[in-house]
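Same chain, two partners: subunit A is paired with subunit B first, then with subunit C.
After this line comes the complex of A and B, so read on.
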């Protein structure tokens, strides 16, 4: 059996914030939640998306850190900035393609998800992935995910020209092997059809 | 007592709700806990397993309990933050007496108990036995629920006892009992992922039963289709294979429209119906009229959706139907549920793996709390108060003459009406906050103000307790030991984690002390809640909800035991109706016909909009506990009126505007939240808040004729922009 890994299935998320509340209970940063739960656009939809640190194999946050304050553990967990080194410049905040690191003015350093290092290093699962009632977050083996979920778990990302591999996997349709994120020129957007509004109840009532 | 003993700001300043944001000792006080106690969440009917961490005899945190099979460590935000109610600054730590001039004043326990007992007898001798009533709750353990029923009938000797499960499970219970013969979810949750089609009617699972989400999603991973009926596009509905945005109260249209199509296309199981059911012809006669077009008018959705639902549900090999308050909180709540269950029984897809039906219990002990005899018409073991054999049996268990057991009393809403019109003069209340949770709030609060004498047992000063003459400080779930019965019918064990704080007492001890003062000491001579459970085993033996074979040791060893479990060597019954043996004496399921009829109050020219109410994920019931937990309040700080942009535009309302929501009963002012995820003819306001923010100020005091459940899910309102309340 392979080692335990972290999986995100955004389509399962119900926005309950159990992850946000539980993150705050983690011993290393008790009282401060480090996971992000994004409400996409509440007016249009109830869709939400949880975002833990993806723990890049070659972390961009560390690459851009002028103070060399962001370190990886031997297991590949990317940690919050080292307090004595962090100069609070927020380069990491700007550079992370997933929007994970945040500068915390109260403690004057960058804080972020460390995959519950105190828990995972002692054989327990991260708080968020243990409590998540929808299974949107899971900490298990790749075999278990493939046995129980549809789609494919990928950890390959393409942001424009930049290729990123992450320790955390996301579940995507089977035909997808790498997640492509690109900037679409406004001109292209204008040429396309206006986006459908699948979550407008009034439209649903009229559509049929 | 016509008014509160102090102004509301003064009461709030003294008793809260204040927000607790840190665990005992603060966030930084750590170190290893002294012990970790596996127990269960105190909140909803899912009753998730959770472990509480104890340091220096204080609960300081939690650890997921992954070994408990129902939730496997999963929790919702309420479960995560539940421990923040421990060591809360608002905890009541002394009995209080109402003092007109000085507000609530501390008194000692003997004085408080003596006065309560004296007033019970005074009121009964002046106005009759039934002029003193008892109201209880479905968040009590089985032991306490049983104790309250016995206390009312044996110690107080009043017919008038009812409970807040009357606002929760009674429509589902009545329908299930009428058709299937037993009031319990038919299947364990492990059957959900094995179903090929799942229909969820009126259940905002993501917010009200969050951990059930994983069961639904697992079914979909296994290829199941999901159909959701709701006036709002809930998180579950967002990705459903078919979301039917039914108008509140129109569900029968969908159910019978589906049945109509299924009859036409040969998707009903006529062999099963002939061999194992009665009453189909009457249902078929009604269903014949529910053409997709007619059904669509009843449900106020496109006919094609109903046909599509029938095409998904009809020919499936396996299926599971779940419903909750959305179809139950109606003056036709029982009929709605019966129509839903008819849809299950017509296919014969029940009583086997992956095939079944469940109602999603709302309150912590929504299941067990309705079996132990604290309903106005019921005796322990889900026995019938008017059945002579049942009365005789329970009289034997209690050691009283059968003739001394009162007959059926008033259910919750008529009971409050009887207080309002002076037929009931005194009340003892535990685990119920009618000032927030009952409909037509101004009327209810007026009724509470008319009581001659009122004692409340609670751990916090609820909005209802503010009306009390005596407030007795009770115990939290984690400060006492006992059992509850979860949504599946699985009896589980709540362990005592810590002692109640100095000054508070365990609820059951308070009740036994009162019973002693009422001259019934010998009938309430329990040494522990375990003694009470042992009596439940005897009292329920041979009843429908038979616990005779369940012991606390077995619960611990087997991770819960499903009733009925008639003997120690019986394995318990996770799945009911196997071999198509239904709960009626003839062993058959009894179809029940029910035609659609309008709500008590439909929108009209004066009040043109439907108001529907419900929960948010971070709050529980009337909020007595969860409105005191900072992290949960931060998540959803105040009630908002969800309104579709089309309706909002027609009313000149923008996002975040304050709006006045007004019915014929009263009005509230809350902020608007403009969302496309709700029907444009409907607004939604969650009900967890009091007074000027209480959705129940607007709701209607209409009840189902059978279940007596209030019609929380539909009334008529008008909505307008309003200035910010001062």
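After this line comes the complex of A and C, so read on.
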């Protein structure tokens, strides 16, 4: 039996916010949820997607940190910023391709999901995975996932030219072996007017 | 990738287990809390020393007073069976008692009535028979004095003066 790993099955998410509430309960960052529950194409769909830290094998957030505040443990878990070191520059917020780190102005520090390191380092499941009613978030073995789910668990990502491997797996259709994310260079955006986003809620509100 | 790691990355590693850097604040906190703990324990020890009461020393019969002739000596053990002591009686008939353990390296001192002194044979140390002070040789501290008292015909030990 292989070791326990974190799996995200976006298609199973029902948007119940249980993971957000459970994350808030944690004593190490009480009152602040570090999991993001994103809405997908909100105008047409109720689909939501939970986003925990993917714990990259070569974490770009830590690579860009000028204050040496983000550390990766021996297990590959990328920690939240160290309070005595974080200078609140938000480099990591801009660098993360998954949009995980968020700067908290109240404590002048970046805080992010650390896969409940206090729990997972002692063999317990992360808070969000214990409460998820639909199994969108699961902390189990790859064998168990393959036995109970359809599709394939992958941890390879392609952001433009950048290849990223993560500790956290996502469940994708079987034919997909690597998640490709298109990257639009900022220069291209500046040259031409970006296409109107039909899902831009702020624009919709302005129009009415 | 690892081969291309710049030199400065060794000082600022991403891996937590390679990170040995301690911030000034962490050091200051450690020093402050450590010093506070040390001071607190010292105060606690002083408090216990001031208020705590040592158990009363036992009262032990040594010998009958007329068993020891003037100028003679008598070995006994006080306060426990593992603490050798020596009772000396000077020519005028006064009793004094001391621990028999030399304060230099714990050899047993012997009575020399003709000097008079308590002599340690190991390094030729010598102590006064009157108050146990070192007279010669390496010892610098006096022998602990055993408080003795005459009760009827018997001599009893009632305490130790270090």
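In this section, the second predicted complex is superposed on the first by the 183 of 208 C-alpha atoms of A that agree within 3 Å, B and C clash if a C-alpha of one lies under 4 Å from a C-alpha of the other, contacts with A are read in each partner's own complex, and residues count from 1 in each chain.
The rule is short, and it goes like this: a contact is a pair of C-beta atoms (placed from the backbone, for glycine too) under 8 Å apart; a residue touches a chain by one contact, two chains touch by 3 or more.
From a predicted model like this one, the values you see are computed outputs, not experimental measurements.
Judged by the touch definition given at the top, the superposed model places A:59 against subunit C, while subunit B stays out of reach.
Between subunit B and subunit C, the partner in contact with more residues of subunit A is B. Contacts of A:140 after superposition on the shared chain: neither subunit B nor subunit C is touched. In the superposition on chain A, A:68 makes contact with subunit C only, not with subunit B. By the touch criterion stated above, A:11 is placed in contact with subunit B alone, subunit C being left untouched.
Within the superposed three-chain model, A:84 lies in touch with subunit C and out of touch with subunit B [touch as defined at top].
In the superposed model, A:45 lies in contact with subunit B only, and not with subunit C.
When the two complexes are laid over each other on chain A, subunit A has no residue in contact with both subunit B and subunit C.
Across the interface of their complex, subunit C is touched by residues 58-59, 62-63, 68, 70-74, 79, 84-85 of subunit A. Within the complex formed with subunit A, the residues of subunit B that make contact are 22, 27-28, 30, 61-62, 64, 66, 71, 73-77, 79-81, 206-207, 210-211, 213-214, 217-218, 220-221, 232-236, 238-239, 243, 245, 300-305, 617-618, 631-632, 635, 644-646, 655, 673-680. Those residues of subunit A that touch subunit B in the complex are listed here as 11-18, 20-22, 24-25, 27, 30-31, 42-48, 125, 127, 130-135, 148-150, 197, 199-205, 207-208.
By the touch criterion given at the top, residues 1, 12, 14-17, 19, 21, 23, 25-26 of subunit C touch subunit A in their complex.
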